[in-house]
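What follows is a single structure, and I will ask about it in a moment.
For reference, chains read A, B, C and D in written order, and residue numbers begin at 1 within each chain.
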Amino acid sequence: MKALVIPKIKGKWEVKEIPTPEPGPTQVLIKIHASGLCYTDVHITEGQLPFPIEFPRTIGHEPVGEIVKVGDAVDFRKIGDRVGVPWIQKTCGRCEWCLRGKNLFCQQQMGTGISYQGSHAEYMIAEAAATVLLPDKITYEQAAPVFCAGYTVYSGLRLAEPKPHEKIAVLGIGGLGHLGIQYSKACGFETIAISHSPDKAELCYKLGADLVVKNAEELKNSGGADVILATGNSNKAASESIVGLRPDGRLMIMGFDSQPIQVPPEILLSRLRIIGSTQNSPEYLYEALDLVAKQKVKVMTETFSLDNIAEAYDKVVNGKVRFRAVIKP
Amino acid sequence: MKALVIPKIKGKWEVKEIPTPEPGPTQVLIKIHASGLCYTDVHITEGQLPFPIEFPRTIGHEPVGEIVKVGDAVDFRKIGDRVGVPWIQKTCGRCEWCLRGKNLFCQQQMGTGISYQGSHAEYMIAEAAATVLLPDKITYEQAAPVFCAGYTVYSGLRLAEPKPHEKIAVLGIGGLGHLGIQYSKACGFETIAISHSPDKAELCYKLGADLVVKNAEELKNSGGADVILATGNSNKAASESIVGLRPDGRLMIMGFDSQPIQVPPEILLSRLRIIGSTQNSPEYLYEALDLVAKQKVKVMTETFSLDNIAEAYDKVVNGKVRFRAVIKP
Amino acid sequence: MKALVIPKIKGKWEVKEIPTPEPGPTQVLIKIHASGLCYTDVHITEGQLPFPIEFPRTIGHEPVGEIVKVGDAVDFRKIGDRVGVPWIQKTCGRCEWCLRGKNLFCQQQMGTGISYQGSHAEYMIAEAAATVLLPDKITYEQAAPVFCAGYTVYSGLRLAEPKPHEKIAVLGIGGLGHLGIQYSKACGFETIAISHSPDKAELCYKLGADLVVKNAEELKNSGGADVILATGNSNKAASESIVGLRPDGRLMIMGFDSQPIQVPPEILLSRLRIIGSTQNSPEYLYEALDLVAKQKVKVMTETFSLDNIAEAYDKVVNGKVRFRAVIKP
Amino acid sequence: MKALVIPKIKGKWEVKEIPTPEPGPTQVLIKIHASGLCYTDVHITEGQLPFPIEFPRTIGHEPVGEIVKVGDAVDFRKIGDRVGVPWIQKTCGRCEWCLRGKNLFCQQQMGTGISYQGSHAEYMIAEAAATVLLPDKITYEQAAPVFCAGYTVYSGLRLAEPKPHEKIAVLGIGGLGHLGIQYSKACGFETIAISHSPDKAELCYKLGADLVVKNAEELKNSGGADVILATGNSNKAASESIVGLRPDGRLMIMGFDSQPIQVPPEILLSRLRIIGSTQNSPEYLYEALDLVAKQKVKVMTETFSLDNIAEAYDKVVNGKVRFRAVIKP
């Protein structure tokens, strides 16, 4: 099969012919129909993740496709199933957090594109138990970015436990943020986009924002937000946004930045909350997919063939993709 | 191996020699060290469950023991692991609730002792993914009853979301109730037992109850409870207890009774909640086991050999066991 | 001033000239601009409330108007303030629930139109601390029904703690129900109306319902609801609706009926909740008013002059008002 | 009457004879039986609060005593009532937060000892609506420190929404911290004290701590805590403690420090929460008093006469009081 192969850290993205893998007894083989390209792919390529990764490597962790082979021990997936695979495929099954059913805290997670071969390829194996059935009415192209970008931002929205009548602000209008605005509106919240880029303002309104402000000071002056979804990877920007929170407000941190978040003393009197959020629950992924399937949320994608993946990568590196590059092998 | 075999509905409990089962690729074989006898075993024997069950049959759904064989596709369990198995071993993996990670709502649950051979036997197979590692310091005899009785009552306590300073009442002082009193105390709550039996009152105090009342009227006069754990299988008794709830109080229904619960209009002004609760989360099972392992909760058991299981059954039927019969094969 | 005076239980509604009251030091005098007529007014007139009420009496508990006199000890209200007054004006200030700040549970509540003269009059006094400032952009006519009908149904919606992506059904399409549909939609929820009346179906869709079903069976077949707002005063209808709840679903009881609610045993396995809800928090009233002020919710009113209040009463008794009679003195 | 009078910022604490105040119509006059001395008194004296305060001034904001005069418009308090007064006595009654019933967020709070004369005196007036009835069995000396120190730390505990089986760590073993340990234990939680002072370790165990660790690293190695109550006024120490949180853990910030809190990126993957907490709800004050009344929590006090208040102040400034100075006029 054809697959992206990155030869080494900071290596060039190349498409090569490699052997099609065979699923083990608890696994399935998926013919990839769409594979989203995430900025984390850049971090991996540049060697910027906080743990070692072996090269050469095929990455990609927003896979959707069709099951074409099923491992002997699997009876709940069948050939023809339309599925996607999120980041965590397997955990140790023995630690406290696995026993508690909170495997997102297991220290021995095996991730798509990290411990397993990734999805920028014609085929990919996955643990059957990690696969998620797609809703009937979602296209592969729309579904792929939900498995990381959509799942992450919708998790932040849900973990914030927004209540009716609350206002939600979205900081960072990119791959996650453009979905955050739409998810927030689809769930009925007054939604404010924070963006200092004039040309993005217009887009934010098109995506459904009730208001676009330039910065946290403007957010504060407009009345503030009950929830801020910090979708960028800048803890500095997230820290600065805190001033825009209303009393009892929550700042949801969803992206990785090695810098600390600076929380001002006002957190005390306004009873604010700074909350770390990752991909939190299969329930949230289910709902995130469903809202896209119902076309209440539309991912803005730019499609590339697998052969042109290096071009897609360059555009992602340079921030030229609006808003999610999707590879169609 | 030796195993209980019930030949038919209302049939006599007999121990027979049957073939020791072989685990499938995703399963393990457990040498049973202790198997709790639950009143549901009586319901099954008498044909009183609301779904058909095939006979002859080996039942038992509070199994703990040691893994002696591991299926080919299992890498997270090993020979020698001390494990127990709760009621739900497998679900469809395809419905909304499975996809949401709430498999307790799947309509195609495969249960221990129902879809799988039960634990009143020398050996039992189980889906490896359903097995739960036991804490180091818990004995098999103490652990077995936690897998149904303890799990159920602790789930009700946790699902009630009790807050510091709240008072918890336990209705029905039997297999579940004697654990309910102890779990409530171990978690720091002022605990009230409701029992009209004078000889049980003394026991309740020994188990840690701060107060024992005869009925809901007395409970009300004593100031009421914020949570009532209705552990019996009587919806009539549960309905009558509602009057003992304080404003914002919650009645947790944990046992099956075909009669409806009668909720008085006072629910409105006192903002009461009637909540159905079953075995709700692996997290609760983890904690229920841990509290027993730390000896903050002690199951009162009467032990029987597998050969004497018919005697144990008779005692359970006649309410002569205080409070949990455990079979040690 | 002119005021409704009901001479005795089951007496005829008459408008009489009575002395305009003087506010005490902690009170204000309100010139009534609109006064909603609630079905509870019928219960009071017919002597059907569960506590004794003295006659002759001026009732009415959905008052809005303008402050025209301010008691000597009041410094946070001033002449000209536009205000409304909810049901509870004063409580004992000494019991546990008053000390806890949950005065809705105080046993010595003093209510508008019960302990205090009601709002079907040209003027009304109220405890200043009980008055609520109206949002600028709400009309008196729209505001009045929010103080009982709107407050009640929005409280039920909020107390249900609905989460994004959940579905809300409204049972009973009357004074509360027609607001329930709109509040649910305004808050972004997929909304289902339950009504067996064909001519109401059309109206429900106009109010924003995504679906109208005839009964709970149809609700179940359509996929069910996560929350049912039972807005009628029929516990029988509420009980029958339970079958339409999805797992983890909540039935909110918001109307008084002397009959018990019958809860089927399914509550256990589906982890259902039956929740009593009244006017629960000033926060909910604030939001209920704001959503009307923003015209996201519109009360359907029929206006009557105070002189024609007997006619309004007859129409309410006979269910001829769609959906809220408002008296404009 | 005799009262502390501080002549100017950084002025000397002196006891003088000043006129006994007269209560207004909505106020009461309290004969002070005990008045707690809080470290905030030092901040006020030194001019370190972030808002201007007029001098000369009588401060003190942990007042308890007996009502000796009642304003004309007050009918829910009477002569002889044993009461205390928390920090907030009055708010504007007109802003969003007042209308929402969350007056702790009102920007025009009038505080005890700030907008009103304080409690380091023989008599004090207070808004009747702000007074809190004391439980029968609590002594004045034990009650006073609950009105600021106890209320604050118990609020932090409750706002953390600790669940059964969770572990709570207390950072800073002083006026708040020694109560935090006891409140946590009284509510049934496994409790860990963080203190690098060897002589405090012994005391912590006496107060009920299950474990005492020297720092956050040791806390982490011991298994970590689900909640950390940061009771000191050091955001630096609070920041450093974050490493000791378990996944889903919460750091409760309860003291004022002008430095920012530094939150490490780990907040993301461990789903941590940094939560600002002040005196959050009358409900928490009610419970905090009740637990002291039931002697489940005992305030460690050192008593001074009003004449010796300057000595008490010096000891507080120098950290020589274990743990709460109480003035008995």
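As a working rule, contacts are C-beta pairs under 8 Å (C-beta built on N, C-alpha and C of every residue); 3 or more make two chains touch, one makes a residue touch a chain.
Nothing here was measured: the structure is a model prediction, and the numbers come from that model.
Engineer: Same or different interface residues for chain A and chain B, judged by whether over half of the residue numbers are used by both?
Structural biologist: Chain A vs chain B: same; shared/all numbers exceeds half.
Engineer: Any idea how many Å lie between the Cα centroids of chain B and chain C?
Structural biologist: That gives a centre separation of 43 Å.
Engineer: Between chain A and chain B, what is the gap in Å from one C-alpha centre to the other?
Structural biologist: Each chain reduced to its C-alpha mean, chain A and chain B end up 39 Å apart.
Engineer: Specify, in ascending order, the residues of chain C that touch 2 or more different other chains.
Structural biologist: Chain C, residues with two or more chain partners: 102.
Engineer: Looking at which chains touch, is this a line, ring, star, complete or other?
Structural biologist: complete
Engineer: Once bound in the complex, which stretches of chain C touch chain D?
Structural biologist: Touch list, chain C to chain D: 24-26, 71-73, 76-77, 92-94, 96, 99-102, 129, 132-133, 281-283, 286.
Engineer: Over in the complex, which chain D residues touch chain B? Could you list them?
Structural biologist: It is residues 157-158, 161-165, 183, 186-189, 287, 290-291 of chain D that touch chain B.
Engineer: Note which residues of chain B are touching chain C in the complex, please.
Structural biologist: Listed in rising order, the residues are 97, 102, 104-105, 159, 235, 247-248, 253-278, 280.
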